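The structures considered in this document are given below.
Okay, so chain A shows up in both of these, paired with chain B first and chain C after.
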Partner chain A sequence: MLSRAAWILMLRKGGRGRREMHSPEAPARGEGKMPPYANWYAQRSYPMPEEPFCTELSAEQQALKEKEKGSWTQLSHAEKVALYRLQYHQTFAEMNRRSNEWKTVMGCVFFFCGFTALLIWWQRVYVYPPKPITLTDEWKAQQLQRMLDMKVNPVHGLASHWDYEKKEWKK
Partner chain B sequence: MASEVLAKPQMRGLLARRLRIHMVGAFLVSLGVAALYKFAVAEPRKRAYADFYKNYSPEKDFEEMKKAGIFRSIK
Partner chain C sequence: MARLSHQKCTPDFHDKYGNAVLAGRTTFCIAVWTYVATQIGIEWTLSPVGRVIPKEWRD
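Here is the complex of A and B:
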């Protein structure tokens, strides 16, 4: 109950609060398209959006757009910045900023790896059949002795590490 | 807008310079890797085999294996 109310509050705040003051559209149906599906959304791999960010302009903003049609050398620095902010949602520095999302991702990856480990442990205890006879210690010792008798890989491999005079592994 | 002017960056010949650097580098790297492999892997291996077979007697080897009892057709 309480968490549901908090969730709805967060959704509503997130939907409207993320938009700037100069909302480009006031759609009749609820929220309209959110980024990245909005027409003004740009990213490093798609830098030129279809629509300008602000399409509803106040009177002074329209006057500025009229001034933009003339020579740009007459625009002051603040006016150029204002025109940029009308046209684009964020600068490249803003859109390319880092985030801490990787920590969440790695945390969830490790968490689920650990959970999987628990499942596999349960499987090992309750599902696996008993080990075959060939994996017991005495069988493995006899197997190794036979391999040494056959002189398996005598140049670089197993038999090359066995000292046949002293009957032990070479140091 | 800036107070001092930046130096003009290199405008031409960028690909040519990159290709030159990487051609030389690739040549050297591949030669180096080949030489390293030859002297770290191939030569020791050849030497190990030569040493093994220098005093190798197949009859003696066979007698040892027969005595260990691994054959099924010969006791």
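Here is the complex of A and C:
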């Protein structure tokens, strides 16, 4: 098991590594927040986040932001896409994409159900007392004959399912 | 409108192993439950109707 310090280090490295690709947060803030608690996080029910995705802009990106203040007809398609990517983390298509997470979840559910069966197996072997004589096959067959002789529940119940002429269960 | 299929560029754990995890563990669950329910002597007290052949009890 990893110690707490090692976990924090791993999380911090992973989080900051992802953020540095897009440079959204100032490193001086420390660890910062991860989605969905980050200020740039958007989802279908919350489409306009408080902060733009990239706040640290290179000189080239800042020049683009200046150009954005002018007429947008002067922006090329690639520039518009670049501005979108500066402002937003994901497009709606990306954020709403389906995932295969349910397969992993259901797989784990079935795994633990199967593990339960192993526990019940152990319980049968080590906890259950010996089977009483009344549950052996021979005893149950004799018990059934006696119940049929007594005509137990002859209207809708047990004896009503037995054919007394042919001496077999009714089909 | 062309959709950016971002998911296909970086398949995550569920894309790579989801099918195998689901299939394998479902098989494990079904197999072990079938064995436990039938082979190890658990009494389910099922109805004798259609199943048990009565036997003479008066000696």
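Convention: the second predicted complex is superposed on the first by the 101 of 171 C-alpha atoms of A that agree within 3 Å, B and C clash if a C-alpha of one lies under 4 Å from a C-alpha of the other, contacts with A are read in each partner's own complex, and residues count from 1 in each chain.
As a convention for this text, contacts are C-beta pairs under 8 Å (C-beta built on N, C-alpha and C of every residue); 3 or more make two chains touch, one makes a residue touch a chain.
In this text, all values refer to a predicted model and were calculated from it rather than measured experimentally.
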item: More chain A residues in contact [chain B versus chain C]; value: C
item: Touching partner for A:His77 - first (chain B), second (chain C), both, neither; value: first
item: First, second, both or neither for A:Arg44, with chain B first and chain C second; value: neither
item: Partner chain(s) touched by A:Lys166 [first = chain B, second = chain C, both, neither]; value: neither
item: Partner chain in contact with A:Lys69 - chain B first, chain C second, else both or neither; value: neither
item: Partner chain(s) touched by A:Lys151 [first = chain B, second = chain C, both, neither]; value: first
item: Where chain A meets both chain C and chain B, residue numbers; value: 146
item: Residues of chain B that touch chain A when the two form their complex; value: 1, 45, 48-49, 52, 61, 64-65, 68-70
item: Complex contacts: residues of chain C adjacent to chain A; value: 3-7, 12-15, 17-19, 21-22, 24-26, 28-29, 31-33, 35-36, 40-43, 48-50, 52-57
item: Touch list for chain A against partner chain B, complex; value: 77, 146, 149-151, 154-156, 164
item: Residue ranges of chain A in contact with chain C within the complex; value: 90-91, 93-94, 97, 99-104, 106-108, 110-111, 113-114, 117-118, 120-121, 124-125, 131, 135, 137-138, 140-146, 148, 158, 161, 169
